[in-house]
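All remarks here apply to the structure that follows.
Per-chain numbering from 1; labels A, B, C and D assigned in written order.
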Amino acid sequence: MLDKNGIAKRIAKEVKDGMYVNLGIGIPTLVANYIPDGINVVLQSENGLLGMGPFPFEGEEDADLINAGKQTITTLAGSSIFDSAMSFGMIRAQKVDLTILGAMEVSENGDIANWKIPGKMVKGMGGAMDLVASAQNIIVAMQHVNKAGESKLLPNCTLPLTGVHCVKKIVTELAVIAVLENGGFQLLERAPGVSVAEIQAATAGKLIIEGDIPEMQL
Amino acid sequence: MLDKNGIAKRIAKEVKDGMYVNLGIGIPTLVANYIPDGINVVLQSENGLLGMGPFPFEGEEDADLINAGKQTITTLAGSSIFDSAMSFGMIRAQKVDLTILGAMEVSENGDIANWKIPGKMVKGMGGAMDLVASAQNIIVAMQHVNKAGESKLLPNCTLPLTGVHCVKKIVTELAVIAVLENGGFQLLERAPGVSVAEIQAATAGKLIIEGDIPEMQL
Amino acid sequence: MINKVVKDADTAIKDIQNGQTIMLGGFGLCGIPENCIQALLRKKVIDLTCISNNAGVDDFGIGLLLQQRQVKKMISSYVGENAEFERQLLSGELEVELIPQGTLATRCMAAGYGMPVIYSPAGVGTEVAIGKETRVFKGKEYLMEYAFDADFAIVKAWKGDTAGNLIYKSTARNFNPVMAMAGKITIAEVEILVPAGELDPDQIHTPGIYVHRIFQGNNYEKRIEQKTVRTK
Amino acid sequence: MINKVVKDADTAIKDIQNGQTIMLGGFGLCGIPENCIQALLRKKVIDLTCISNNAGVDDFGIGLLLQQRQVKKMISSYVGENAEFERQLLSGELEVELIPQGTLATRCMAAGYGMPVIYSPAGVGTEVAIGKETRVFKGKEYLMEYAFDADFAIVKAWKGDTAGNLIYKSTARNFNPVMAMAGKITIAEVEILVPAGELDPDQIHTPGIYVHRIFQGNNYEKRIEQKTVRTK
């Protein structure tokens, strides 16, 4: 079973040389730490930055330079800054190759819910609805089950949707799963020490298991 | 009767302090020469410049700095440069207060034809259709009659239209004329030495003459 | 060149009336018009509809206007980090309309570009789509979203000149340029105000035609919401 | 950072195929991609559909491609000043689609912003409106115009860096930024190519994400169409 950093490490393998990538808040942010040397990627922050660098050194933080999570960050050689309309314009025009974000639920046809829980205070969708509606490749990083022990991979989402038919892949502490174009969760890889049966037990939606399921290489 | 410079001089009186103005090719370009000191206006050139200055001195021309007529020009203190989409965006959002352009025909309901003569080589509308479709205040600078002696102020345009119901005022060598919201050319001023009868004779569309028509003050 | 300079924030916002709609630039607390928010607090204008990506925090930014009950409605994409906001929303004192961030930005841009509507893919199939006209282009569904119609836009830039030209610094740019284009009247506060002619025409982010009033602000706090650092 | 540098113009355009649609930046002869036009002449690729505000003059710019009969169709707003163009058009060798300049720019922008269509007021009630869907918003009529769909965009900038970031000079900016956003593949030629990190991130006109290939051009002629000067 993977911890958060393990999930991030596995997702980092999906990041290919030359990609522009948008990382959501939470586990996705950690992915940046595991991108191998020699793989050149550019991180997009939807508040208006291409080429997001690491956190600044203590004392060098700049209130005018933050990421979409409102964290102080830095730029890199080759960075560019732009306004919010252009930022979402490049997302909508599919110039951003890969979006990695968290979720509360994913359905077997690729719907995602990650912004609102009825009865709880709504914070707002921020840029999430734009990202999931536009990105050509969306990977969800999340826990396989919620705190109540219920599966987050469902036949249908029960929470208000963020977007429909958009998630392509899911990486959890248990497994790597592809969401098939015509519906269904196809099991691709098991986390180290996790059995197919455990994954099946934690998956409420239709899990497709074909042949031998390899263990993840991290 | 006015010459081209006289028409430009009269139109310059329509330009008020604080206006952003787009000047078309031909007589409209001359208007810039007659804007009085103390009247601060900013000239927009739709290829992407606010704050168009005079022609450069010989030897100081810059191929990268031209106006919409492709003439070499200069910038002024406070000028700004932008792309073509923003340029027409500010025109469409009516941030440009006044557009002055030439015409081949104007109809009594404010239609304008100024881009195409059937049977002759078409050069294209350039930005003219955008300007007439968007500007809140459009003044046409033109000759009252064409080379064949026919009126250019008509009940209906005979040439292909550039825009409909958009011209607010016309200044010719003979007169200043308002185009009424519900149709009709209202005679406002006579050129020096020109009689109402001469203007009437040169106007094919419905000319509205109310009370004494004053002579232009230049 | 036309001179757009006004004396101070109070002068700049003096004709904002109760019940009007104002846009405020900024993302989180980054690039917000601090001086104009203070002036709105002093003016005590109420029943405002505020279009701004966020609603500030309890004791800074738009949060201050919420504390004084000056806001009737917030139109935002994200309104977390604000307890007073939550209290007013739950008690029904405050209305809120949540809009996807990209749609928010594009509806500003639409206003600035004279586009009556734009088609946005964000929110298709979600509750955001309820009541909206949809249309499919090339197999993809979009929501028809209207250009905003705001009485005032209030933006913050780094440098500006007397002709109203603006240059933003770093990610404090965010919504400021698109809101500057979108206001019927646009007010800009800048950290540094220079005479027309000192800024390179090629480097202007917001041309002066969009800006009706400009002044040099002062005492910028520029509060950081999430200070994240690494050690050397 | 991702490196977008290619060796030269011939390399940059090497996969442009007969019959494809290409956008070319520039207004008149100002800001046109001179080096890539020369490379297209050498490559002798034919049946091109060219989207460009103008069609060059007889012996410069896109006019050179017309001379070599490489262009099947021009999509432009203004095509005067070109005798060979006129001859080919009248003889039926060349197709031309004239589009209002602002609509041309906005249809590029739409492609770059992922907007399937935009509503334009330009051409309402004229022959430009024939066959187009119209719609009235707030009492004003608009034409529905589609985003362009171009295989390549070829633009010219003043400075660029190895990450593909571009800065334009003066009014040579014109259509270049909106076309740079609109191409499926965007090729940029620049007068000065610098390593990533030398350009100020706040001063980039076209972020590198839009640019797939960049090279430093040479021998720019920058012909002036209308030299107008005054005497001291």
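Keep in mind that, in the parts below, contacts are C-beta pairs under 8 Å (C-beta built on N, C-alpha and C of every residue); 3 or more make two chains touch, one makes a residue touch a chain.
If you're wondering where the values come from, they're calculated on a predicted model, not measured in any experiment.
Trainee: According to the touch definition, list the chains common to the neighbour sets of subunit A and subunit B.
Mentor: Neighbours common to subunit A and subunit B are C, D.
Trainee: Have a look at B-D versus B-C and report the one with more C-beta pairs in contact.
Mentor: Ranking B-C and B-D by C-beta contacts puts B-D first.
Trainee: Would you identify the chain whose Cα-based centre sits farthest away from the centre of subunit A?
Mentor: B
Trainee: Nearest whole angstrom, what separates the Cα centre of subunit C from the Cα centre of subunit D?
Mentor: Centre separation, subunit C to subunit D: 33 Å.
Trainee: Report the inter-centroid distance (CA atoms only) between subunit B and subunit C in whole Å.
Mentor: Once rounded, the distance between the two centres reads 36 Å.
Trainee: So, what's the distance in Å between the C-alpha centres of subunit C and subunit A?
Mentor: It comes to 29 Å between the two C-alpha centres.
Trainee: Please set out, as single numbers or ranges, the residues of subunit C touching at least two other chains.
Mentor: 106, 113-115, 121, 168-170, 173, 201-202
Trainee: Show the residues in subunit A shared as contacts by 2 or more other chains, in ascending order.
Mentor: Within subunit A, the residues that touch at least two other chains are 49, 75, 81-82, 85, 89, 91-92, 134.
Trainee: How would one label the connectivity among the chains shown: line, ring, star, complete, or other?
Mentor: Graph shape, chains as nodes and touching pairs as edges: none of the named types, so other.
Trainee: Would you please name all pairs of chains that touch?
Mentor: The complete list of chain pairs in contact reads A-C, A-D, B-C, B-D, C-D.
Trainee: Under the touch definition given earlier, write down the residues of subunit D that touch subunit C in their complex.
Mentor: Residues of subunit D touching subunit C: 106, 113-119, 121, 137-138, 140, 142, 167-170, 173, 201-203.
Trainee: Hey, which residues of subunit D end up touching subunit B in the complex?
Mentor: It comes out as residues 27-31, 53, 76-80, 86, 89-90, 98, 100-106, 108-109, 120-128, 158, 168-178, 205, 222-232.
Trainee: Can you tell me which positions in subunit B touch subunit D when the two form their complex?
Mentor: Interface residues on the subunit B side: 45-49, 54-67, 69-73, 75, 81-85, 87-89, 91-92, 111, 121-130, 133-134, 160-165.
Trainee: Which residues of subunit A touch subunit D in their complex?
Mentor: Those in contact with subunit D are residues 18, 20, 40-42, 44, 49-51, 75-82, 85-86, 89-96, 134.
Trainee: Quick check on the complex: what are the subunit D residues that touch subunit A?
Mentor: Subunit D residues touching subunit A: 1-3, 111-115, 161-163, 165, 181, 195-197, 201-202, 204, 207-210.
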